[in-house]
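What follows is a pair of complexes built around chain A, which joins chain B in one and chain C in the other.
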Partner chain A sequence: MEKRMTIQNLCAGYDGKQVLHNISLEIPSNKITAIIGPSGCGKSTLLHCLNGMLRQETGASVSGEILLDGQDTAAMQEDQLRRQVGLVSQTPSPFPFSILENMTYGPRYYGVRNKTQLQQIAEEKLRLAGLYDEVKEQLHKSALKLSGGQQQRLCIARALTAEPRVLLLDEPCSALDVQASAVIEEMLTRLKQTYTIVIVTHNIVQARRISDYVAFIKDGRLVEWGEAACLFASPQQEETRAFLDGIYG
Partner chain B sequence: MKGKLTKLWAVCSMLIAASLILFLFGYVFVQGAGSISWEFLTQPPRGAVLGMEGGIFPAIVGSLWFTATALVLGGIPAVAVALYLEFYCRSKKMAAFVRLVMQCISGIPSIVLGLFAYSFLVKSLGWGRCVLSAGAALAIMILPFIEVRAEKAFQEVPPQMIQASYHLGCSRFYTIQKIVLPYCSGELVSALILGGCYAMGATAPLIFTGAVAYAASPTSLFAPAMALPLHLYLLVAQGSTSLKTAYGTAFVMMVLILVSNVLATLYARRRHKKWRNG
Partner chain C sequence: MQKNLNRLFSLLIKLLTALSVLMLAFVIFFIVKEALPLFEEVSLKEFLFGQRWMPIAYTGETSFGIFNFIMATLYVSLIAMVISVAVGVGTALFLVFCTTERVRSLFLPAIDLLAGIPSVIYGFIGITVVVKLFIRAGVHTGSCVLAASIVLAVMLLPYLVSSCSETILKMKERYLPAAQAMGVSRWYAAATLILPASWKNILLSMILAVGRAMGETMAVMMVMGNANLFPRLLGKSETIASVIALEMGTAVVDSPHYHALYAAGMVLMVLLFVINVSINLIRAKLLEQGR
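== the complex of A and B ==
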């Protein structure tokens, strides 16, 4: 197993209140790692640690070590780190521009000026996100006019324009119906050939379907993590078993 | 019963307020409209008692100069302070301190600002009575006024949108330039225009610092100039002979302020359409 990220003794909190306790975890390359756990256990906080956003927040504290391909992320430049570790947040948030402008927002900042090149990037990433065929006729339409599922896929495609090594997804399907979720799941399975994916999800069935590795977090502590097949079939910890059973009914 | 009474009370207050405003505007317009003519708008004041005859052209131009100077000197720092507080300042203490300073400035009586600008800019720095000195006094006056509104506008930008930009690895500067400023440009323009109207209507900061009873239209920041509110004050002070032109002057001021407000509202609405409803 090749490791893309290594998290060691990570602690994090807001305004003196500790949220994450001593988390050590590895994120394997080109796999989907699912993070599951009850609401408020610190899943989003963990993602914000991984892309360095939490360090920027007023009042937040982070300690411990996070390595990206062996490099200490604390020593990396913040915007470089955020580019390497893309994050798509819980609520889809397309910019109120056209679809094309959403896709070129990042590349323009990274210094791409050439129109054809911008168009190419947009097309390639939209294809990866499985959105291109649906929107190719209307790239100049406002992104706000897309459906919820399309908006979410647009945001994922937009995150890909940064050419991240790791893609963090915070409950990408929480507001979507079964069909729209299925489209995203299928896309993620395709994307893992190129990217390393970490997905936070409330949906255990979904985690089962798409993840290769699973981490279960409860009250800010990592209870258990490992290969998805093993963990779902025979959880080692009582708490994990209870959580999985609870969800199954 | 109680609910009905409250509603009645609310409706009555609204009616009273609305009719007062309408009456005020109507009164000024009716009284002032008579003296409005091409000559009034384009000629300098004349007459045995100055301003009894002729026009107010230099006062209109002067007021525009004062206002523009105040907007440049006050508006830019106001927006910068608001940006700093919203996007750069990490320390809550520092933010609280800056807000306190803003509050204190907005509490300074405008005549004191005038006095300060007179003794410091006009006398100590030797700028003399000119558009720049008076514009600086006005700028201090409208700085907190614009800052508060700009900050409120920035707070309305959906945080997810700003976060999304950061998540793409974009800098704060790029985010502000591409997302924040376009998103609230409508509110910002309204804030600036309201601030400009506030400056245009103020007399006290101008009296000792740059506005004079008579001058030609200014051609540089270092020349004194006439101003509409001061001209109005002098006309009224001269007594009933120039009352007619005083109303004319008030009319012009009200029209300028109304028109700029309407333009600001229209602009803000157009921006909203583009940026908030897709």
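== the complex of A and C ==
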């Protein structure tokens, strides 16, 4: 198993209140790692640590080590880290521009000026996100007029324009129906050929369907993590078992 | 019982609405009625485009041309708007991007307080500070269009700053995390994402500010010199509102002078109406594009 990210003894908190306790975890490359756990246990906080966002927040404290391909992320330049580790947040936030402008916003900032090149990037990433066929006729339409599921996929496609190595997704399907979720799940399994994916989800069934590795967090502590098949079939910890049983009813 | 009470209440509301509409209609009717007799003496074209304002025949003939006043009104308002929108948006950006929540919660109410200062005070400060500065800078009497625009801009600022900060803060919270997650820097996102996203609401604030700018009388009158001249940045001039305020008290009732002042008021009303409608149209167009 090749590791993309290694997290060692990570502690994090807001305003002196510790939220994450001593988390050590590995993120294998080109796999989907699902993070599950009860609401408020610190899943989003963990994602924000991974892309360096928490370090910048006022009042937040982070300690421990996070390595990206063996490189210490604390020593990396912030914007470089963000480009390498993309994040799509819980609520989709398409920019109030056209679909095409949403897709070219990042590349233009990174210095791509050529029109056809920009168009190419947009098309390629929209295809990856499985959105291109739905919107190819209306690339100049406002992104705000897309449906919720389409907006979520647009945001994923937009995150891909930064050419990240790791893609963090915070509950991408929380507001979507079964069908729209299925489209996103199908897309994610396709994306893992190129990217390493970390997904936070409330939906255990979904985690079971798509993930290769699972980490279970409770009250800010990593209870258990490992290959999805093993963990779901025979959880080693009592807490994990209780959580999974609780969900299954 | 409950039903009757409801009916009574809705009747009362309707009555009050009707009353305020009626009052507005009455004001418009009254102004138009008092304005119309003027046009038996001067043509509309002469009135709007004439540059000679000689309401009383001391020597020679009377003449009623308000072109200079119209231009002065537009000019002062335009420059004041440019100054206060630029400063207001800049201040809002600073408050949102460079200060913390605590500083903002201290500053914004303080800025709102400025809105409560009577306009005479602004005019007074205009005379003692702004006009003095212009005299020192070599402008003949110090009173000029630019001085009036500056004073007016300061008067418009509180409202613009508080409404712009509100909009920009909202847009920042909505879009900045997503932009930063792509490695885009704060200030690039501010300029290319958050400002464009706030633009519509800033336009709306501008509509309300324009109304205030064009109708503001006292402070402008105190620093603009009040001479019937075509407005120049460093020259004296006089707005429609100033003419009305200065001359209405001495105009003989039912004289052409009296009717001319009403007609000038009517022109001011039409100007404001046209400007508000066109800014609204622009805004609707922007909304339609979904930008």
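Just so it is clear, the second predicted complex is superposed on the first by the 249 of 249 C-alpha atoms of A that agree within 3 Å, B and C clash if a C-alpha of one lies under 4 Å from a C-alpha of the other, contacts with A are read in each partner's own complex, and residues count from 1 in each chain.
Simple rule for what comes next: a contact is a pair of C-beta atoms (placed from the backbone, for glycine too) under 8 Å apart; a residue touches a chain by one contact, two chains touch by 3 or more.
Keep in mind that what you see is a predicted model, and the values were worked out from it rather than measured.
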Item to check | Clash-or-fit label for the pair chain B, chain C on chain A | outcome: clash
Checklist entry - Just chain B (first), just chain C (second), both, or neither: which does A:T58 touch? => result both
Checklist entry - If you stack the two complexes on chain A, which partner ends up touching A:Y105: first (chain B), second (chain C), both, or neither? => result both
Checklist entry - Which of the two partners, first being chain B and second being chain C, lies in contact with A:S147: first, second, both, or neither? => result neither
Next on the checklist: One more residue to check, A:N9. First (chain B), second (chain C), both or neither?
Outcome noted: neither
Next on the checklist: Quick check on the superposed pair: does A:P96 touch chain B, chain C, both, or neither? Answer first, second, both or neither.
Outcome noted: both
Checklist entry - Between chain B (first) and chain C (second), which does A:T161 come into contact with in this model arrangement: first, second, both, or neither? => result both
Checklist entry - Which parts of chain A are touched by chain B and by chain C alike? => result 51, 53, 58, 79-83, 86-89, 93, 95-96, 105-106, 109-110, 142, 144-145, 155, 158-159, 161-162
Checklist entry - In their complex, what parts of chain B are in touch with chain A? => result 90-92, 158, 160-161, 163-171, 174, 178-179, 183, 274-278
Item to check | Partner chain B, residues of chain A touching it in the complex | outcome: 51, 53, 56, 58, 79-83, 86-89, 91, 93, 95-96, 105-106, 109-110, 142-145, 155, 158-159, 161-162
Checklist outcome for this item: Contacts from chain A onto chain C in the complex sit at residues 51, 53, 58, 78-83, 86-89, 93, 95-97, 105-106, 109-110, 141-142, 144-145, 155, 158-159, 161-162
Item to check | Touching residues (chain side chain C, partner chain A) in the complex | outcome: 100, 174-175, 177-185, 188, 192-193, 196-197, 289-291
